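Below are two complexes that have chain A in common, paired first with chain B and then with chain C.
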Partner chain A sequence: MEQTTSANGRNTASPDPGYWTSVLIVSGIFSIAGFAINIIFGYVQIASEPGGTVFSPMMLGSVVVCLATCLGGLAAVWHVTRYITPRMKLGRGALIGFLTGAMIVLFSTLLNELWVIFDPGYTERLLDSVVENVEAMDLPADTQDQMIDQMAAGVRDTSVFQQLVVGIPVTGLLNLLTGMLGVRFFAVKEEDYTE
Partner chain B sequence: MNSQQPTDHTPITPGMPPWVERNGFSDWAVAVLWIVLAFVLFQIVAGFVSVALIMIVGGTDPGVDFGDRLLQRMDLLFIGNSAGQILFLGFATYKVAGLHVWKDRVKTFLRFRTFPDTGRITGLTAVLFIVVQPVIWYLGYLNSQLPVPDYFSELQQSQYEMIESFLRSDGALLMAMVNIAFVPAICEEVMFRGYVLSAFEKNWGIWPAIIVSGLMFGLFHLQLTNLLPLASLGFLLALVTWISGSLVPAIVAHFVNNGSAVLLSTYFPDMAVTELTAETAPPVWTLIASILLTAWLIRQLFVSSESESEQR
Partner chain C sequence: MQYRALYFTVLGGLIFLVAASLGNGIADRPLDYSDWTYRAFRGVCHQLPERSFHIDGVPMAVNARCFGIFSGLLAGWLLIPVASARLFRQGWPGILLGCAVAVNVMDFSAGNLWVWNSSNFSRFFLGAFLGVGVVCMLADRFIKTTNKTD
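Showing the complex of A and B:
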């Protein structure tokens, strides 16, 4: 049992939230969906002719996944309030959001690493395709070279550790915010709650 | 310790608990979030103010790249930086502290107060921050032996070069003293030794709060090649703040530390730019003397504070 103090100062006991189930379910769904979208758009990118457009299929996929990933905290809070307890404080929502974001990064990184085992040439083919697309852009040669170098370094030199060190705080914080929004949208206020 | 007396956060005024408690947050988690948010907002405002000032004041060659124009007017970059610090590390942090405690407790929470022994402790702390410099140098050398991504080394090197070239320009000393020594001494102390230390202390007790707030101070500067010395300075400043129960000694010590670096870079630029190598290291006896004197001064600070507490 978790002891809480309500806004009017009374001590109330709320059931153990058990939010980890929601965190794992939501982060699992979001990471699998995000991974699938990225892979699909990645193969579309590999198969497409270099059009020289700034908004390539891979970039489109990344933007969609990035935006969708931010909603993980919101979804996890919704799941907790729907299936575990309707009452939740802002701080608990923030924690659930952060943990959901962190788990999404962890699962996604794991899935990406597993995919490289399944299709070892995927990353190189994708990079080649993106480089061809940049070369087809109407940009000065120096700018093109700079973009290509940055992309190649980003893909080849980023270790799993770096992905996690950067990804967990950034995605965690974004989901922390949506987790707090989730409390505002879905949780029942203490004074409105009746057993 | 002075800090053991009035850092009691229990309410005098009955009524609603502070926002952090009411909403089920941990004090430390809100403090960490605020460090991240304040850093981002500070950078945005600093950049925005600098660019706006350059566009308004001008004084640069319009034919050159805007990035180079920014570097031509380092004084305006410093003003933008100070504006960001004052706004977010100073004023906004004061408001955020109000989320953790009752409104009539904010100043106590941030240790905005003095005691009869604050002047004496401030003097000892100022001496301590001069005496500790050889230890800091060796920590910097030790840090330089650790592997760090090239990006961070290059970033730090370019920062140093920018500051050094600025300090060589006419009339730069006053501007540098204000923007590198005075403003950070107040704003960073309000943020780290005032707010972060107290927020961590509420959840973890004083020693973890001192260590982690020191580490956070080091990380906040985004200088991985300088993390050990910065974190150690942060640790010392937090220790002094706890011993004295006041923010004043840390502000003065921070000013002494940064101000002496500015003076050294201005009047002895060759010494300041010397690379950290075993050959350029100060003699080992200075390190030993520095360690012994630092330990003695810290002990004096403890003794001084304890005797003052007994008298009270």
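Showing the complex of A and C:
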């Protein structure tokens, strides 16, 4: 591996495909954490009385998970710069971000599919609870119908392939952007190096 | 400009993001949450109809804040080729991004704690502020400086 020295005296190596380790570690952690949060908030939703609030436990869980999901690229770039090499070009950060987003979608989809095998009635009970909550809201009937349709579509069965095809582009792109932000925050500037 | 391929790839992605987030209303189609535009954003947005803009009576595929973020990202990204590197040299993009994150967190938290009730327009503009803030942090890497030695 080619060794270079930065202007601030740090010994570094040229980037290599070792970033896959960071992609897999970060996407694995984010997927498992996101899945766990969703499941916990899901069961809290099932156990709670319909309060008629817009932000139900399930909705709060999904907001937390969506925010965390978008920061996967940033975390993966941090991991690479911390444990593999502090030197990284913007394009490499973008690639790492995109791959992290794609892997998060893949792992999350598989974990959700596995949970349905473990607790087959979970989806149905969650949907019933969410519908009861929406019906308790002080909203016009057509808005309630739209919300119920939206939430039902969210838990309705779709194939793993479909979930990946529609999920990867958006999550991948958002993580691509946070991956570039990661380069900006954590990587040593290219001009700080003497080749 | 540096990283041309990356710039245009991201530009294409952002145009796709904004176009897809408009949902079925823009194509004069009825609301169907199982359509790909709505499914594509399910993992990153709560898609509550009452917190989304409507086109022709059909809610968009993302809520107002997410649409603001995507629009801010696209608007800022389009301006990168005409921006000057000197604009981004003083460290203010970091402050701008920090402020954008802070006001969005405050607005979201306050809205859910019933401290105040934001409108969809205020959510859109705060989201756009965040989108522009992200682009400002990245812009100087794309602008070629004359004194840089490659």
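Following the convention adopted for this analysis, the second predicted complex is superposed on the first by the 170 of 195 C-alpha atoms of A that agree within 3 Å, B and C clash if a C-alpha of one lies under 4 Å from a C-alpha of the other, contacts with A are read in each partner's own complex, and residues count from 1 in each chain.
Simple rule for what comes next: a contact is a pair of C-beta atoms (placed from the backbone, for glycine too) under 8 Å apart; a residue touches a chain by one contact, two chains touch by 3 or more.
From a predicted model like this one, the values you see are computed outputs, not experimental measurements.
Applying the stated contact rule after C-alpha superposition, one finds that A:A141 touches neither chain B nor chain C. The partner that reaches more residues of chain A, of the two candidates chain B and chain C, is C.
Shared-chain residue A:R92: touches chain B; no touch with chain C.
In the overlay built on the shared chain, the residue A:V166 is in contact with chain C alone; chain B does not reach it. After overlaying the two complexes on the shared chain, residue contacts for A:L176 are found with chain B and with chain C alike.
Residue contacts after overlaying the shared chain place A:I117 against neither chain B nor chain C. Shared contact residues of chain A with chain B and chain C: 90-91, 94, 169, 173, 176.
Every residue of chain A that touches chain B in the complex is listed here, in rising order: 4-5, 7, 9, 89-92, 94-95, 169, 173, 176. Within the complex, the chain B residues that touch chain A are 16-17, 20-26, 29, 33, 36.
For chain C in complex with chain A, the residues that touch the partner chain are 3, 5-6, 10, 13-14, 16-17, 20, 31, 33-34, 36, 38-51, 59, 73, 112, 134, 137-138, 141-142, 148-149. Note for the complex: chain A touches chain C at residues 54-55, 59, 62-63, 66, 69-70, 90-91, 94, 105, 108, 139, 143, 146-147, 149-150, 152-154, 156, 158, 162-163, 166-167, 169-171, 173-174, 176-177, 180-181, 183-184, 191.
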